[in-house]
Structures are given as C-alpha cells and as structure tokens.
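Structures are listed in the sections that come next.
Next come two complexes built around subunit A: one with subunit B, the other with subunit C.
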Partner chain A sequence: MINLASAGLVAAPESRRWVLRGHAVAMAAAGAAFGSPLPTRAGEVAQAASSIADTARAALWLGPDEVWFITPVEDGAALEGALRTALAAVPHALVDISHRQVGLLLQGTDPAWLLNAVCPLDLSLAAFPVNCCTRTLFNKAEIVLWRTGPAAFRLETGRSFSGYVVGLLAEIAREQAA
Partner chain B sequence: MNHPLLFRTPTGGRVDRSRTLRFTFDGQAYQGYAGDTLASALLAHGVHLMGRSFKYHRPRGLLAAGAEEPNALVAVIRDAARRTPNLRATQVELYDGLIAESQNRWPSLAFDVGAINDFLSPLFPAGFYYKTFMWPRQAWHRVFEPVVRQAAGLGEPPTLPDPDRYAQRYAHCDVLVVGAGPAGLAAALAASAGGGRVVLCDEQPELGGALLDEPASSLGASINGQPASRWLADAVATLSARPNVTLLPRTTCFGYFAHNMLSLNQRLTEHLAAPAPQAPRERLWQVRAREVVLATGAIERPLVFPGNDRPGMLLASAARSLLNRHGVKVGSRVVLVTGCDAAYITALELQAAGVTVVRILDTRPAAAEHVTRAALAAGLMVSANVTVLGTSGRRRVTGLTLARLAATGEVSDRESLACDTVLMSGGYTPTVHLFSQSRGQLRFDAAQQVFVPGVSAEREHSAGACRGTDGLRSTLDEGAAVGAAAAFAAGSRGVLASYTVQALEGSLRGQPGVLPQPGSHPPARAFVDFQNDVTSKDLALAMREGFESVEHIKRYTTNGMATDQGKTSNMNALGFVAKSKAITVPQAGLTTFRMPYTPVTFGSLAGYDRGDLFDPVRPTPSHDWAVAHGVVFEDVGLWKRARYFPRDGEDMHAAVDRECLAVRASVGLFDASTLGKIAVVGPDAATFLNRLYVNNFSTLAVGKCRYGILTREDGFVYDDGVIARLADEHFHVTTTTGGAARVLQMMEDYLQTEWSDLQVWLTSTTEQWAVIAVQGPKAREVLAPLVSGLNLSASELPHMALAHGHLGDIPMLLMRVSFTGELGYEINVPSGHGQRAWEMVWAAGQAYGMTPYGTEAMHVLRAEKGYVIVGQETDGTATPDDAGLSWAIAKSKADFVGKRSLARPTMLATGRKQLVGLRTVDPRLVLEEGAQVAATPNQKVPMRLIGHVTSSYHSAVLGHSIALAMVADGRARIGQTLYVPMPEGEIPVTVTTTVFYDTAGARLHD
Partner chain C sequence: MLLIHCPYCGQRPELEFRHGGQAHVARPADPSATSIDEWADYLYLRENPKGLHAERWRHVHGCGRFFNALRDTTTDVFVSTYRCGEPRPDGGSAR
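Moving on, here comes the complex of A and B:
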C-alpha cells in the first residue's frame, strides 16, 4: 500500500505514553520519579535513563501544566509505578494515552523539507533545535513533533489519523523524488 | 508554411536560436525559439491578431509583453484533461509541440459572428445588462443568462478531471523579495550578504525584470562598468551560490496577508514539452517573512484615443521587450504616440534594429531635452503637442490621424500617417497591488500623477519603480538600501552597496486620462479597459447618470473588473473621472486591489487536498474486519463507521431488519469506538462535572455509570453520554461522536476561564479505547467464557455498572450499558488491541448466531426504545424537558450550566415542542424525517404547523413503522390524531409515548 521507507519513515518502537497535568508541585514530584527534572520551558524535551539498558525516557513540555511521557514499552510498568507513587499525595492527572497515539520516526536527507510541505512551523535548526517539541498541524491532522536530531524527527499522531499522515508523507516524498 | 519569420531580427535577444520549437495556434503551424513566449513567437511571424474583445468581439492584438496583457488570452491544450483557458500569451512559455487556441470567437478568430456587437455597440452602453435584463423575471434563467454566457464567455474549462499533482509548501525567511528586476536583485544581494535567509521570487522564467529588456548593444545600459546583461548574470550567480538564498523564478506572489504571510504560486512544469508524470505541476508557497521587500516594478499605460485597440497597437514597453528579449520586431512602419520620455528609447532601439519609425507623436508640448536631442540626432521626426483623432485598419492598424487641438477646441494641422504598428506610452503606473493588499496606505504623487506606497501596515519596504523611483541607478541604490535595511530589521545583517550606471534613459512619468478630443462628447471606441471593452464614453455616461464614487463607476461600467484587474486601465479611468469632474485624482478615489495579482489555478489552491487525501479518513479498530465482511460504510465526520452489513444481495432495509431482529433475538456486535471519551481527573472532578452537567455526579458511586446531559448557558441540550466513575477522582466521560471535540473545548473553556480554582484536568481518550458493544439477550453467554477476573451476573454487574478485568489476555474496562434496550456490554480495550479483541468476541459469538450491525440498525434499535440522539431529536433549541429528559436534572443542585436559563418563563411556558412517538395507521408507511405535523386536516396553505418528525423507521420486531417527533405540547396530545401533510396527501398519525418496545424495560435488566 504505502511504502513507509520511501518517505524516510519507520514506525516508532512500541511505546507507553502518559499525559501528566498538574501544578508545579506535581511536576516537581514527577521529575524525581522520572529521573530528571521535568522540562519547564515551552517546547523543551527532557530525557532520563529508562529501567531498560541503553534506552531513554522522554518528557515533552506541551503546555504550562502539561507534560507527556514517552518510553519504550518494556520500561512502562517501572515508569508508571514510580510516577504514581511519587504523585500519590499531590493533586494531578496522569492518564494513559499509550494507544491513543501512533509514533513515526522521520529520517532521511531532509525530513524538515518533507514536513514543511504542510506543516506551517519554521523547522530550521535555529528556530526548532534538537530536542524541541511542539503540538502542531500536519495539514489537516494534529501532530506532536519532536526533533530528535538535526535530520530526525519523531512525529506522534492520533491512531486513526496515522493512515492520513503516512499517506500524505508518501505523497510529498514522491515529489522529492521527482 | 506561409508565415516566414519576417519579423525576427537576424541576431540578438535572449532566445536560443539553436533550438527551434514547433507549435500551433488555432490549428496553424508555426515555429519559434527556446526562450520565446507564445506571443513573441506569433509576432515573429507577423501575427498580431490573437483574440476577440469581451463585449464587442473586436479583433485584438497584443497590447503588452507581461502579466498586464488584457487582450491576448488563449487556451493551451495538452489533452482533454489539460486544457488551461484564459492564459496570457505573453506569459505562455513556448515548448515544442505546444497547442494554443484563441478564445471568445466563433467560428474563427478572423471571422467572428459576435463582431456584430461592435456594429451594434450604440445599443450596448454602460449598464446595458442592468437596464435590459430586469424583466420578465423568468426570462433571466432560461433566455438571458445562457445567451449572455455563450456570447460573452471567456475560455472553456477542461471537461475531464485534472490528472496532475499540485504541491504546497510553507517557508520562513528573514527577507522575502518580490520581483527580481534591478531593485529586487540589489535588495536580495544586500539582504543576503550577511547570512540572513532570503527568498527572491519573480513571475518570469528568468530573473532580471526590466534588465532583460536592455539591448546588448552599445545602446544598452551598463552597471558598474559592465553591460547590464553581464551584471545580471553575475548577480544571479552570486545569489545562487549563497546557501541562505532561495531563488524562485516562474513564481507569482499573488497574495499579501496579515503578519507578513504571503502566497506564491510557482509553475513547475508548465514550460516543459514532456513533464515527468510524477512531477507536481505547480507549488503553492505560503511564506512567513520577517521583512518583505516589494520590488514589483511599474506597468506602462496605453493612451486613450479613438481606435486605440486595433491589432498592431502596443505599449512601447512591449515593443522594447519583444525586440531586446526575443529578437522580434513589432512591425515595419511604426508610429510612436507618447506622453512619456521613456518611450523615446524604444523608438531609438527600434530604429537601430532596422524598423522604420515613421514619427514620434508627443502629446505634450515637449519631452525632456536629452531624449528629444537623442531622437533628432538619430534622424527621428518628432511632432509635439498633438493628439490622435483616429486610426484605420480592421485586423491590423493601417494608419493614424493626428492633429493639433487648441484650447478653444479648434482642430488644426490634421495629418494622416500610414503605418502597420502604433506604439503607445502614457507613462508608468507603479505596481502597488501587493502593497495595497497588505493594507498599506497609498499616497498620490502629484508630480508623477500616480499612487505610490505611503504608510506601511506590515513590516514591508517598497523599492524601485513600484515606489515611483525613476532611473536605473536610483533603482539599484534604493534596492540595495532597502534590502540592507530589511535584513537589519529582521535581525540579520545587511550589506549596503552603491552602483554606477551609464545609460540613456527617459523618465517613466506621464499623465493618466484620455487624450483631448474635439467636440463636447467623449469619443466612443476610445478604449480605457481593453479586457472589459470599457470606453471613455461609458465612463462619461456613468458620471452623467449620477455615479459619483469611482467604486460605483467601476461597477457600473465594469472598468477594471476583468481578470487583469485593470492593470492597464484603472489609472486612465481615474485620470479621466478626475479631469471630467475638475477634481484631483485622490478626490476621485481609488478602487481596492485584491488578490490574486494574476489568476491562480484551483489545482494550486487545492494542493494535496484531493482524492484519498482530501480529508483524513479515520478508520475504527474493526475497519479491516468490516471490509472483509462486506460492510457499507457511512461517513460520520471524518470517521468511517459501519452502516450495515448486507448479505446475499440484501438492500439496506433488508439488512437493517435482519440486524435488528438478531440483536433482539440473540446477540449483535457493534463498533462504538468513535464515541468521544474524556478522562476527567483530579480532586475536584465530581465538583466540576456537577457544575457542567444537569445531573448529580457527587452521588455516583465508584464503579457505576450514569447517563449525563450537558446543556449550554442558554439551557438547550448540547451533548449527552454515559459517564462512568472509575475512581473517586477519575471520571470516564463519553460524548457523542460528533461532539467529542466541542465538549472537550467547552470543558477546557470553563475550566480555564470560570473555574481555574478547581483542581481537575481533562485528557481526550477517545482514541485510547476501542469500544466493542455486545448487545442482546445472549450477550452474557458470549462474553462469559472470554472474560477473567470478574463476575457477569446481573447481581454482581447490574445495568449501569462497570468492572475491570481481562478479555483473554487483553486488559479491559467493561461497562454494562445499552443503547438498544437489550442486555448489553461495552468492552473498552486499549485501541491497539481493538481488532484482536473484536475478532475474539466474534469467534465466541458464532455459537449464538452473532450478527454484526451498523449505525442504521443502532438508530432503529434505540428509536424503538425512545432513546434520543442529540442533533437528531434535538436541534439546539430543545431543553432537556422538551426532549423528555427532565428526569435527569438534579433538582437538588444549586447550579449547573444552563440552570438559570431553564427557569426563564419562556422555557416553562406551554406550547413548547415536546418529544413524542407517532404511529401511522398504515403500519407499512414510514414517515419522512423532517416532515411537518399539523393538528387539523385539510388546512389551507399556509398551514399552522405544530411540529416535525425527527426520526422514522420501519421496526421489524414490532412489524410496523415508528417515528419520533417534536410536537407542541406533545405530551398532552398522546392518543390524539394528528396529520402529516405530504405532496401525495395527508397522513393521519396517532400520538404515542416515545417507548415502543419493552415499555417496562425488563430486558435491559436481565
């Protein structure tokens, strides 16, 4: 059907995801469990070692009271357990969105070029550096974009939107090849 | 071929004479060179006649050489699906095998029946259509409109779907430079020298703008001691080599929007003989620029005098461009009529190329001394202070009559000149379209008699001729200064430059308006707007009929309203109006410039939004399974939902009947995943829901569900859904499929603006959960062997209870809820496991004859039970009580959103529409949804109508039709007979309660 590789695209490894919403006190408590202070600046991504060797957990700042956690599925129970324990006495909402989202890894020579066909953001390295994240639009689909390297992005989208996002990326990639 | 290249110069120009291209125009074969436009290639053969005018079908030739061309509109045809109408021949790049056709003529361009309109032109004054086609009213659609469209249409659209692909792109830059003439190039060089991101776009295939029109000979300008063409090549090479510069030729900036967002249309394959099939045809750029430099140049105005529109009558700038860029001579014997010094240079260059310049006719008392001296030194004859009384020639101009006109109106020195070409120059109009689109305020420059950019509204700078700047050196210096300033303003660094120029130049100034004529009446056929056939007489008539504002005159005469947006006509019309009324041009006013600068294709605007990618198609977890089982889908918003599953050639009604009966008799399977879901979590979750919903959620126990109704502040039903309490501080709220996004937004709105003190947070979980509804008397038996960790018995898991457990190995939230009136469960599993869970349940259900059902059966099943669908029974004006849901309102609560409105007298008054059931006397008759309801039969129109049918179905289990309706005081009418008036006659109906099936509700609690 759609050739992911032609779009410089691979599915992200199976991941667990949570949305944490709460005040600064909740963010501070969660940071201790996460393994690193949670990001406090808009669009910042913090990473910490996961319970599984050679893998990392990520915390994405997506709003003044909203942080997403993304971690390999094998680290899920450990991270969730630590977070729930640390947050037990603090008002917060920690909601599992592991299956709500689908993750795509975008690599290749110029993934920003692919994205900018329909993503209105300035994705130059100066404006959107490595480990920057944001919620934005991919034409008609809402996505969360995380720059994992100078020429590498992780793109998260709603499960039912993933076919549209991949199809559109493949369409744009054909243009790059033409 | 009987069209020798008589008008091609032996050498020179920027065309590649080593590459001959063949093409046809109206079926006639011609040839040209690489670098030609369709217009220049035709002119090289001496073909001037390229179109028929819009209204009078007058023969028309080329007027201009660029985007402003009003006459030479052609269709370029690659195949039946690729027929592009209304292209300006001046902008069509020649390729080998190009096929072009003229427009607005029948049967042929040379002999056009419509030209009868020209002889009848006294019958077609301004406002003709307004005055003539007012009545009879019925005649408009059947007679007038089809005839007018046939006679006055422009090009024909293609008849097949567009097979090409169109790309789009967002870009950001420090400085966007629009126009790559001398000002734009100097600006881009200065702005990019410090490393800032610069985008330079130009509508033409080659960067250079007016520099491309400079002759290569010693007559041409030199910049910094080099020929202009050499400087241009170096400048383009320098810009190309800078990684921070994006050069976009063939790219028209057509729209200037708020906050420096500009739209550019790039033509990618239009100029290719054989475009790669994968290659996008055009690309729409949306550029966000910190600073914008507009270097859009100026457009020469024609002169307005009788007979100024014959083929062979061109702008002087067009003749210059054709000569120097394409090596094409516009004619053999040229008369130049000018009110502008710059045109003298063209005359000199034409003469040097071997064209006979019969005479320069200057409409002013005198031109600037240096250009007059140059003309006389070259042996050209100049007559000053003259006007043109008329021209001759039908399909090509053959002569011109000039005269002197005294202030008294006395005509003297009448003289006729034979010629095959007349060049016109009324001076240049700065191209301020984009500046005006940006909401910048124009300023009238009285000395130049043109509007120039005044106060900017955006972070924008104009440079060069578009700002009224005259002279190549000033233009280059201004471009550099503005480019450097823009770079600094954008936060990067600009590098200033100054230029030396040697050139013989004439000023671009002129006097807009109509050339003076003898007599008191303005002349007919002195064309102001060539594309819409508006003459000075039409403008005079509009003023005489009392139109004061130039905006009204424009609309009455259609001056400036053609696809060229009056690029060559607006200033002349303004000048004429101002002079006629003895007011200044600014007092006469100015019409508004709107996007697009030149027409943009629908394909470009649509971009990727076509076919399968037109909108996201949201599949549910059972999508692939449903496809394999022959589903018919229904679009619900962006979702694809199963509508029904036909078997063995069943139609929808047969399939729905079977699906409904299966649910009632045994068990059905339904994908409810599209229901909106919101996790409401935090210590104040119950308080929050209490304030929003009409129900009481403090009293909802953990592990229980409650049907909730959400009203807006006006008290009308907004959404509904089952709300489950998973934990003390965690509610699982479901919404309607369509309401998912707006309910979450309403909740966030209240939370952030009204109740920011509450410690509760919202997370959309719609897509986290796949929801599999198992409904029917056998539902428990199907599920029992599959689930672990919970007891399904009615006592342990009664109606509206929930439990956590596993479905096989999949973690599950099981809710015992029903939208069918049967024993029912909704299995919530993480959506990634949805398809597997669905297939597990399906396999287990086989022993019970499990039947998958779709939204149609769901609608019937819930209607049999009188369950409302928000948006079907309600329409935004129904209160909970109107919909029969007042039982849900918690009377004990002090407040909730909408409570105060529900207490208003009109909300409590009698006469409100209330939800009831309707039964037809004929059990097979299914009422039309949306049909009106009357209290008494045989009323005269207009009837007094008291309600309408909201839902209507055939009920297989009941053996008769059922309907729900909103009827005034409906609950008090139960048992009465009402009437549904239909075209075939009135249908008597009996009012019933809303519950048709299992009125006691025993099956629900099984």
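Moving on, here comes the complex of A and C:
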C-alpha cells in the first residue's frame, strides 16, 4: 500500500456505515432516530450529535430514496439500535456496509485540484459547497465524495478500490508538487 | 465533456451515466393473449431513428436512478430528460 501521506491523505477515524433505502415515511422515521431530519435535497448532508461526546453522525443524500449514515465506531451500536427500532414497522432496507468501505480524508493546499485531475465534477465552492456530497467516479473507481471544509474532503471508496485510489492520488500529488 | 441533466441531481458528466435502451417499451398486459409475433416484436424490435429518440438512461455512478431522455441521434444533443412514468415531452410516438 502506498503511503497515505504522500497522497495528502489521512485515514478517517474508524467508522460504521449503513445504507438506508426507503420512501419518505421510512426517511422520516429514521430521521427521528438519527437526531435530525434526513437530507431531502440532492447532495445534502445532515449531521446530528452522536452518543459519544464531541462527535457527530452524518447522513448523506445519495439518491432520492437512498441515504448513507456514517458515524464513529463507538456510536455504532447506539445509532443502529435506534434506527432498527424506529424502522421496525416501516418498509425499508438498512444494510451495514461498514467493512465494505474505506474512509480517507483529503486535505492540503488545493484538494479539489487533485480530485479534478481525474474527476470531471465541478468542485468549485459555488457548485460544490461545504457539506455537499455525491457519489461519482474517481477515474475508474466509484467514490462517495463529501466536502467537509473549503479545502477538505472525505472520500469513501470500496475497500478493494482503495489501493488504486490512494496510488493514483499520490501520482497526482507528485504532479502538483512539481 | 458532455453534460447530462439528471432529473434528480442536475447537470452531471456523461461518464456517470449508462445507456439503457429504448424508452416507453410497454410489456403486453396479458402475455398469454399475445400472439407469438407480437411477443417477438416486444422482445426484440426496437426503433433506430435518425433524429429524436426516447431512451432510458441510468445515473449509475450518481443517484442510481433510471430516467428517460430525448436525444437527437444525429447530433447527440439531449433535448430533454424526464422521470420514468412521465410522457414523452415532444408528444412523439411512444411505441
């Protein structure tokens, strides 16, 4: 595995993740358990306090009936328990994808420039503001991109794609440095 | 790069999309009452127009949804995109 730092990356804190599919009634029930209404607009991220002090849970809009939950591993049991209870009587699918994904934090002087080397999305702050998220492509690999700050992104990718994504980012970072 | 307007996400790069064949192909409501020729038409016969074509597209690397698009096959211009279940916006034939 290529050195994360050479690609401007830091591993995200160990996290739990679920994908929720369902209609508005399921989203409303899950929002009550999550602690904040779930996002309904394309690319919106909602956050709420987790059960662990000074940490937050996030809910990412990825499709009109699809929301991802990401939370620190210590909050996992509390969030999952609340979601399963709230959703018990509502048609839905809530699937644990914690171990399928790898979370990477991309920071530095111009992380959007690094991403745009192989990702064609408009990542200007006007088009992709802080707390905007989307699924997209990083060259050949599918990623979920979440802008956590003006110059900070969280990338989520499949575990088996992570070597490719990190290696390619390292190559692009060499070009940026040159 | 060609931008395609996803009805759910807005303008997005074409790389995120996948073509899904002709739109508005309705499955016969009662297959057992359908002749074998009509069934073969439903399964295999598709139009190949020079000009406007109603097609299914999927935002596979975005929101994951299927939607319909009216595309000009001679210029590759997407005239409009619309959600599944909505009528073809130019009123053209919906075979």
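The working rule: the second predicted complex is superposed on the first by the 177 of 178 C-alpha atoms of A that agree within 3 Å, B and C clash if a C-alpha of one lies under 4 Å from a C-alpha of the other, contacts with A are read in each partner's own complex, and residues count from 1 in each chain.
Everything below uses one rule, namely that contacts are C-beta pairs under 8 Å (C-beta built on N, C-alpha and C of every residue); 3 or more make two chains touch, one makes a residue touch a chain.
What you are looking at is a predicted structure, and each value in this text was computed from that prediction instead of being measured.
In the superposition on chain A, A:Leu62 contacts subunit C only, with no contact to subunit B.
In the overlay built on the shared chain, the residue A:Pro120 is in contact with subunit B and with subunit C.
Once chain A of one complex is fitted onto chain A of the other, the partner contacts of A:Thr136 are limited to subunit C, with no touch recorded for subunit B.
Look at A:Phe161: by the touch rule set out above, it reaches subunit B but stays clear of subunit C. With both complexes superposed, B is the one of subunit B and subunit C in contact with more subunit A residues.
Legend: residue contacts after superposition of the two complexes on their common chain; A:Pro37 is shown touching neither subunit B nor subunit C. In the superposition on chain A, A:Val95 makes contact with subunit B only, while subunit C stays out of contact range. Contact with neither subunit B nor subunit C is seen for A:Gly108 once the two complexes are overlaid on the shared chain.
Shared contact residues on subunit A (touching subunit B in one structure, subunit C in the other): 120-121. Chain contact summary for the complex, subunit A toward subunit B: residues 19, 21-22, 65, 91-101, 116-122, 124, 127, 139-141, 158-161, 163-164, 167-168, 171-172, 174-175, 177-178. On subunit B, the positions that touch subunit A within their shared complex are 165, 167-172, 197, 276, 278-280, 286, 288, 608-609, 612-613, 615-620, 638-639, 679, 681-683, 759-769, 830-833. Chain contact summary for the complex, subunit A toward subunit C: residues 42-43, 62-64, 66, 120-121, 134-137, 142.
For subunit C in complex with subunit A, the touching residues are 1, 8-10, 12-13, 15-16, 61-65.
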